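Please see the structure below; I have some questions.
Chain lettering (A, B, C and D) follows the sequence in which the chains are written, and residue indices restart at 1 in each chain.
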Amino acid sequence: MTAVEFLMLTKGPLFQAALAVFALGVLVRLVEILALGRAHNYAAPRGSAALGGLRTMYKRFEPDPGTFKAAPFDVVVGMVWHIGFIVALLLFIPHVELIKSTFGIAWPALPNPVVDAITAITILGLLAALVHRLAHPVKRFLSTPEDYLIWGVTFLVMITGYLAYHRLINPYPLALGIHILAAEIFLVVLPFTKLTHMFTAFVARYYNGATFGRKGVQS
Amino acid sequence: MVTASPHRPDGRPAPARQATLGESLRRNGVSRRGFLKFCAATASMMALPPSMAPAIAAALESARRPSVIWLSFQECTGCTESLTRSFSPTVENLILDTISLDYHHTLQAAAGDAAEHAREAAMHANAGEYLVVVDGSLPGPGANPGYSTIAGISNYDMLMETVADAAAVIAVGSCAAFGGLPKASPNPSGAVAVQDLVKDKPVINVSGCPPLPMVITGVLAQYLTFGKLPELDQYNRPLAFFGQSIHDRCYRRPFYDKGLFAETFDDEGAKKGWCLYRLGCKGPMTYNACATMKWNGGTSWPVEAGAPCLGCSEPDFWDAGGFYDALSVPPGNSGDMLLAAGAAGVAVGAGVGLLARSQAKGAAKQHQTVTAEELEQKL
Amino acid sequence: MASIGDIPIKVEGEPAAPVAYGNALPVLSQVRHALAQLIQGGEPTQIDLGAMPFGPGDEERLMTLLGSGEVTASVDALGPTRIQETAFSGVWVVEYLNTDGQRVALHLEVDHAPRLLRSQPADLSDALAALDARLSAPDANPAPGD
Amino acid sequence: MTEAVLTPGADLPESSGTTQAAGGFSLARGLNALREEMDAPVASFFSSCVHCGLCATACPFFVETGDPKYTPIHKLEPMRILWEQEFTFWGKLKGVLREKLPLDKLGLDKHFAGKQVTDEMLAEWEPLLYDSCTMCGRCSMVCPVGNDIQYMIRKAREGQVASGHSPEGLVAASVRAVNTGSPMGLKWKTLDVQIRHVEQSTGLEVPIDKQGADYLVLLSSMEIINFPEYLEALTKIFAHAGVSWTLSQQCFEATNAGIQIGSKDIAAVLVQRVVDAAEALDVKNVISPECGHAYTAIRWEGPNAIKRAYPFKVFHIIEVLDQLRADGRIKTEGREDDRLSLHDPCNLARKSGVIQQQRNLMDLVAENFVDLKEHGKMQWCCGAGGGVSSNERAEALKLAAFKKKKAQIEEVEPDRMVTMCATCRTQLEEGLEEFTMDIPVIGLTELIADHLVESDEGTHA
């Protein structure tokens, strides 16, 4: 198989297949969560559950000062690479073009050198996060093979993207194909692992905020 | 500076009666300054640094005229057009004068049997020495040979027969190199590339639709000058011309790096000459020399004219997605498939979720009330 | 046959303002490096401008930056070759043209004198032989002293 | 509730709420109880956890022991396994594959076996769910993906009770609460003696079983035994403010061992008593005493335990006092001039939103009030709530967890601490004594009572 054939395979049928597994899988996960429902709450509310839920969906992006003091490394590194990942995913011009062609919506993108720098920082952040996971007693204790798997597929997407952008693998169609394949692995793995937190975290935050909001506490 | 060497660098015995290139030039009244100039231009054409000129001069002094047989199969003559419309005739003409083009459908005067006899004669006279240039793809051994024949001979038979005693094969154009347009989906004629069939001879691919004329003559010049095959990439293309991508040598690259893109063919960005990536430029995945050698005698090239690179020197570029879709855009329509998959996801999720819910409800029905009495039994 | 210039063209709207593609300055710094090398080790350099990824206007910009010096020369061999000293001593523009006046190559040479202008060593012995032939001819003037 | 359904594989009689065999608690019953607790929030929480471990930094039990097993989310592992296996498409698929594919022949059975929730596992997790968790909910506030861990701990305890893996101390407290009306076995007779004493020392009447009163006042056994000052203070303040209130002989106990052990059935029995008493006296409001979990039990969990809304409102005493203050019905004189700080009970502040009220009251009577650095919804637990104080086995951990509170107190160096929960107050007193810190702890209600304007007393009496 030539590099161009490989690229066409990853861009064509494999991409379609990965996208189908991703869309189907994520919706199965979300709907199966929501379909479980909640018991009716008879207690008289003190505050608004819905407003509390919506606020918490946003508020958990801001770490509370006590947590920052207790675990500054987690907070900073975690935020840095999450933001970096999302920026690289959504604000890199080739990705915007891809989204436009797939979903029909587009938005302004960032200059390539900016995305490049952010990607480099994100890769360093991911490496730091792995070292921390291996070294920190609590993280090491909690970690399962799945945690390392999702780190791996995330790292693979970032590093292959970086290598392709800098044309460090030759020929370029091979580099691009590898990156697209890595993204497809990410998409396929996502619904079956805790990578679903990309979506379910907002559901979780809503329920958390709604439970506390009903009692008049902004969580 | 010009040191004439009586022997070819590879020590091969030169066929008798043939003059060296140096002799031929001087007989034509070319002075030593003229020869130096010729070498400088040749180095430029071969994409070699100017400092290579003396080496070229030394090699050319003793170079012999090779015999070339040019075979045209399923092609559009665009490659020959490209070659003959070259805009710096002095150099190319000298090269072409130097080679002995013994068989070329389009260019030769002879036709029919006489033409085929010329081919056979050249093959016999120069067995093991001659070059075969092919343009066009050909129906593979399993395909109907009737799709393309010459003088009643199938392309496949003619190629295999001609190549048998050749020194090397140069596949000119993306059709000969990779199958090109005839091989594009659904490939009705069962077209294949030369390298799919010729396995026991060196094959040099000079891809492009058409290739740059300077690249065609440059490859010939290199063979002629140094008597050996150039260094090739993974697609058997000479690295000297195909070693770098359009993107890496594009004068618009700084705009890509800055993130300045033309979004339509007539917007401000297009007028300011910004990067054409979003208009479908395949420059990043295309390896060719257009960005430096340019077309029409160095006048311009597609990107300079405001058109995105179509990637014509890459394998299967016809089937590699829309010409005006960005490189990252997948071919085909993902939207409908996404909707279908999403709908299926909602259905399966709802099914599974409701099942789980009834499971929780079922558990509630099986609930056995915890009482103080049974707790007391534990104490 | 009508030339391309005979095709009537009507330009609508304003032509776009010239853009600096930024490829001229790197070449200039390459020239600076080559000149330093010439001074230090006497090593000449030739730069093939045809191998530069120039955008429209880049070549003109480079030529403007280089300017022109005292020497202009022309060599008539296999078509004309134009040689122009730049404003920077030791930096030469050499444009090779074919017999139809079309450019076949454009080089910058960083050297005391362009290679093409110098007499070719093989021609020198030919010249000596030709001179000897002239001197030994019967109608020659008396041989030059020492 | 009393529907007769048999658990498969268990020879249990109808769950009619009458007698049960001791062997009634079983793994099957425990798993069934856990299944009942699965809902959308639980599924979203387990789906979202990425094992970042930040919840550990919010937990006093981890912070003070440094043992990773006390990481809050880890305490829910059995529940998570059950959820994954039975409530996710992927888990079910894996289950089917395990059964249908000849994995044992391929030697892959070990790789695909997956963890199973066993009786041993639930036994192993008992100390994690009870001894090292006060359900203070601080972890629920810091989780970046928004997991409400405390919400799930409460649910997980249902499974522990039904499988027979709950601490003896809490089982005993639950039995006493149901059988005697008080987790400490306290009877009305004892309270009656105290009422006489209060009436004697204050010269005021303590109303009992007064029909149609505005407020039914509940007490906690711990208060009655350890802090009798509370009832006296309350009597004085209500007389001062002219509040119509009453105690009920039918039910005086506010605390709810069912909430602590994690049994909604026990909780429902105890809450029903409060509701019955309130309805019998036709009161408009019920006041939960200076006790944290009692407020959670009656205010938030009670209506869901008995599956109906109340015809009355529920307040914590601090809410009532602050309302009286706002209405100008409490007149105080003089202020404490020593340095006072405040401990927010988790159940009152973080878990119920009563945060500003106690500060308004402090401002009324304290000249020199200083808040702990992290307070209100981000306060640190004293380490004794959620049933830990009733669980003798947890003594050492309870004291360890207190060290976080101690450090907080040391930061601001108060002369005295004020709080409004008998469990917190006891823990603070015992803890500070253990570390030989001479910082007295007082109840906020008493503090207010101490500053009432004497002359006003007569006008409303």
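FYI, contacts are C-beta pairs under 8 Å (C-beta built on N, C-alpha and C of every residue); 3 or more make two chains touch, one makes a residue touch a chain.
Remember, it's a predicted structure, so these values are computed and weren't measured experimentally.
The chain with its CA mean position farthest from that of chain D is C.
Comparing chain pairs B-C and A-D, the larger number of C-beta contacts belongs to A-D. For this pair, chain A with chain C, the centres built from the Cα atoms lie 59 Å apart. Computed from the mean C-alpha positions, the centre of chain C lies at a distance of 93 Å from the centre of chain D.
Distance between chain centres (mean CA atoms), chain B to chain C: 33 Å. We define each chain's centre as the mean of its Cα atoms; on that basis chain A and chain D are separated by 37 Å. For chain B, residues touching at least two other chains, in rising order: 348-349, 352, 356, 360.
Multi-chain contact residues of chain D (touching two or more other chains) are listed as 38-39, 43, 87-89. Residue positions of chain C in touch with at least two other chains are not found. Chains touching one another form the pairs A-B, A-D, B-C, B-D.
The touching residues of chain B, when paired with chain D in their complex, are 348-349, 352, 356, 359-360, 362-379. Those residues of chain B lying in contact with chain A across their complex are 233-235, 245, 247-248, 256-261, 277-278, 284-285, 287, 314-317, 319-321, 325-332, 334-335, 337-338, 340-342, 344-346, 348-350, 352-354, 356-357, 360.
Here chain D touches chain B in the complex through residues 1-3, 5-7, 12, 15-22, 24-25, 29, 32-33, 35-39, 43, 86-89, 92, 161-162, 164, 168, 171-172, 174-175, 177-179, 263, 265-266, 269, going by the rule given at the top. For chain C in complex with chain B, the residues that touch the partner chain are 16-17, 19, 21-23, 46-48, 50-56, 58, 75, 77-79, 81, 96, 98-100, 102-105, 107, 115-116, 120-123. Across the interface of their complex, chain C is touched by residues 1-2, 30-38, 40-41, 43-44, 47, 49-51, 87-91, 249-254, 271-273, 291-293, 297-298, 300, 304 of chain B.
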